[in-house]
Amino acid sequence: MLDTLREIAQLGLVALLLVGAVCACMFKDLLNAVIAAAFVSLIATVLFFLLHAPDVAMAEASIGAAITTAIFVIAIKKTTRSEEE
Amino acid sequence: MSALYENSYYIASVGLIAVGLYVMVVKKNLIKVLIGLSLFETGINLLFIAVGYLAGGTAPIFSTHSLLPGRMVDPVPQAVVLTAIVIGVAVLALALSLTIRLYEHYGTLNLRKVRDLKW
Amino acid sequence: MVNPVLLIVTPLGLAFIIPLLASVWTRSAKYIPVVGMLFNLIVSLLLLRHALDKPVVVTIGGFPPPFCINLVAGPLGLMLSLLIALVGFAVSIYALGYIRKGATARYHALYLLLLAGATGAVLTGDLFNLFVFYEILCISSYALVAYLGDRDGIEAAVKYLIQGSVGSGLVLIGIAILYGLFGTLNMADIAQHISSVEPLHLFVPLVFLITGFGVEAAVFPLNAWLPDAHASAPSSISAILSGIAIKVGVYAVARVVFTLFDASGLFLFLVLLGLLTLLVAEMSAFSQSNIKRMLAYSSIGQIGLIVFAFGLASPSGISGGLFQLTSHALAKALLFLAAGYMIYRAGSMEISALEGMGKKMPITCFAFTIGVFSLVGMPPFIGFPSKLLIIKAALAQQSVWFTVLIALALAGTVIETVYFFRVVQALYFKEPTVNGQTQQPTGSVHEAPFSAMAPIYGLLILILLLGIYPNLLTGALDSAATELLERAAYITGVLG
Amino acid sequence: MRAVIAICLLAVIVPVLAISLAEIPFGAQGAATPEKPWIHYISQGAEETGAANIVTSVVVTYRGFDTLGEVTVLFIAAIGLGAVLFSRQQRKGEKLEGASLILQTGCRFLFPLILLFGAYVFIHGHLTPGGGFQGGVIVASGFLLAYLGCADINARKRWLNATESLAGAAFVIAGLIGLALGGDFLMNFLPKGTFNRLFSAGLIPLVYAAIGFKVGAELAGIVANLLEKPE
């Protein structure tokens, strides 16, 4: 029972990760796309933790989800927010 | 179902690599391309960690004395991925500074338009 | 004996303190690369004597090789690090006077780091460490291509960065798969166990690694970034990118193919790839009107010739390829450095703007002409013995096919001769056209300053000297070729 | 058109990756032969380096040269970014729109706490998860908060530059001392101390602290450079 739950939770995380990645690809508003990419990093952090890599999880959380998003947002603020066709 | 579960980390990492490469090849907007780059790198990092995983292992930290070295996951991919993450953020920061300058020069982030404006 | 780790650590340490030094005394920053490269030059020369007997293998961290990173300062690595230090030293002197605009202290720090990354990449014996130093080389070149901050430079840097990052990502995937298969990152350790895995499963990481490193080596389908990047960087950086950076890419490909995988099935592919690169690039160079773009396409063509020679996989072929690598590094650095001041004087990179330059700056133009003669392979310059060695090696294969292939390669060289002589003709035998674009900036400057003349003529003397006495070089080149071909010796040299 | 090319490319890459990953069964790394380096690290690493966190001992000792390269990459990004954005940096300091009083007070309260947490993470790198990189990034995110929240906590860029240079030089010098003492570059020359104590593992905490300072200063400098307004 517990194993089944675990399996479902893990598959759900993977599905969320891929959905987040596809969202980051599809969103026309760059700010939304960056937030979707940050969401992918966050899920990846959880996956790293589940793979018994706490050091990498910490680095991914602080770099991938925080600093990367921040510099992306600064760059978008300095340029343009919409993905023109 | 169980094959899917056993390989779910591989599926996640290959999926991220595929989406990242697709974004980098197809999208015209430079910031979108860089988002693709960061997804691509996350996928590679996940792949590297997944390759070094040991089923039923523990994190490679002797937090209590009762842990057995024989049941620890491989520390080398973790050290390597730590390096790769930092290299990724360095490239991204440089790329975003170039993005800002590109926008100042051309007034657009569309790479096809930039190419047209150049000549 | 000196420890080869100093070759990498000294430039790194010096580069770290440049920002601090520059905030105290701004003018001092530009002398730091000169000092660092002079040090590297001396240490490489000292080490080369030992390495010709036996590769110098040192560990880092104090544990035996497979457990920690090790450096392999064999003849090949030291020859390349000597070349890097030599060209780097010449260009750093040139940059003393040439780099005036922008954040100069940052330029010098980035420049030194680029060379440190190149040196590290050719000396290391660990696959992931190779990747890290390769990234140091790439990232500092992205920043340096964009250094002038003009429209073209930024656009070229963006293109270079995106293509280079995909390449690095592919390299990392290849390393991840190799780690999964072998559980180790040490190159000698992987090479030792490579035959225990089926060739089919090795094919994927091999392709990923070659494609990834091939982006920096600029082999045929992967070189879209190069002409723009080399044309819009400052001329000193173009010289380094053409002379050093792409050679490190070629070295990485060669190391992967020969030492790591022993991929003998790939040699014919390398020959054809090199030939294709050569012909396509020379054809494109022929139609260029911008002198720096022309030099950049000619670099791609020469890389094609080097890859061709490596693909022959005979001792004389690889030795010829390495000789060609050396001669191209020296001659192309000379051409870019001389062209830098000619462009500065003409105010334009178009070849038509350089007409009649031979009368205005005779000394610079003379050096440029010698560089051209050497590049197209005329005696008595260094380009002649190197091309001759490659031709001999191809004919020694005793096969009609290779004779046809080398004839095609020579046809590429003929195209090169034609377009280079067009430039020389423009320099000497055409009167300057009077059009509005040709402006005369700072009328008093006639020739390039001494800080540019010294490295240009230093390189010229080397080109002449090594062209007349190629035996000075062939001993080291032969043992470098042996190092690349004899995997067993490499493995036992590292693992004992 | 490009979408078709991309899908063709992926149609090659994905199956190829799948084929080679089929050769590496997930979770079976333990089946490797005993002389593999990582088996050595987890069975003898704690004894050889004195660090409880094996990842740290790999990062700083066994693969310390990679780490030197890695901080160099970040250093290149920091100065490269400064060089690329150079012509814009005419005006000193930036004034974003002033945040509200609550935000300003909150930032001023949180800023030292975040720095303290970052320092904790990198000092305890050899005992617990985390280390120089993670701690350094936490420090940098504290600076990010300060830049955004209250403009008057404006770390002088000169000090960031000096920290960056000195920490980098300290790393190289710590490595060179090992060389000068007749061993290898980055060799541990300090006593290993008692296992699982803060002052143990010889050189590791010192090197990791240098890395923490360097990474923190570099990323804070990157953020500060990016935030600066053009003329």
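Should a chain be cited, it is by its letter among A, B, C and D, assigned in written order, with residues numbered from 1 in that chain.
Keep in mind that, in the parts below, a residue touches a chain if its C-beta (ideal position, glycine included) is under 8 Å from a C-beta of that chain, and two chains touch if they have at least 3 such contacts.
Since the structure is predicted, the reported quantities are computational estimates derived from the model, not experimental observations.
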| item | value |
| --- | --- |
| Pair with more cross-chain C-beta pairs in contact, given B-C and A-D | B-C |
| Interchain centroid distance [CA atoms averaged], subunit A/subunit C, Å | 39 |
| Centre-of-Cα separation between subunit C and subunit B, whole angstrom | 29 |
| Between subunit D and subunit A, distance of the C-alpha-averaged centres to the nearest whole Å | 20 |
| Subunit B and subunit D: spacing of chain centres that average the CA atoms, whole Å | 16 |
| Contacts with 2+ other chains: residues of subunit B | 9, 17, 21-22, 50-53, 57, 59-61, 73-74, 76-78, 80, 82-83, 85-87, 89-91, 93-94, 96, 98-101 |
| Residue numbers of subunit C (touch at least two other chains) | 128, 132, 135, 139, 142-143, 146, 149, 154, 157, 173, 177, 180, 183, 185 |
| Residues of subunit A touching at least two other chains | 53-55, 59, 63, 67, 71, 74-75, 78 |
| Chain-to-chain touches, reported pairwise for every pair that qualifies | A-B, A-D, B-C, B-D, C-D |
| In the complex, subunit B residues that touch subunit D | 6-7, 9-10, 14, 17-18, 21-22, 25-26, 50-57, 59-63, 69-70, 72-76, 78-80, 82-83, 85-87, 89-91, 93-94, 96-98, 100-101, 104 |
| Interface residues, subunit D side, partner subunit C - complex | 16-17, 19-21, 23-24, 29, 32-33, 35-38, 40-41, 48, 61-66, 68-70, 72-73, 75-77, 79-84, 86-87, 158, 161-162, 164-166, 168-169, 172-173, 175-176, 178-179, 183-188 |
| Subunit C partner contacts - residues on subunit B that touch it in the complex | 17, 21, 24, 30, 33, 37, 40-41, 44, 47-48, 51-52, 74, 76-77, 80, 83-84, 87, 90-91, 94-95, 98-99, 101-102, 105-106, 111, 114-115, 118 |
| Interfacial residue positions of subunit A with respect to subunit B in the complex | 7, 10-11, 14, 17-18, 21-22, 24-25, 30, 33-34, 37, 40-41, 44, 47-48, 51-56, 59-60, 63-64, 67-68, 71-72, 74-76, 78-80, 83-85 |
| Subunit B to subunit A touching residues, read off their complex | 1-2, 4-5, 8-9, 11-12, 15-16, 19-20, 22-23, 27-29, 31-32, 34-36, 38-39, 42, 45-46, 49-50, 53, 57-61, 73, 77-78, 81-82, 85-86, 88-89, 92-93, 96, 99-100, 103, 108-110 |
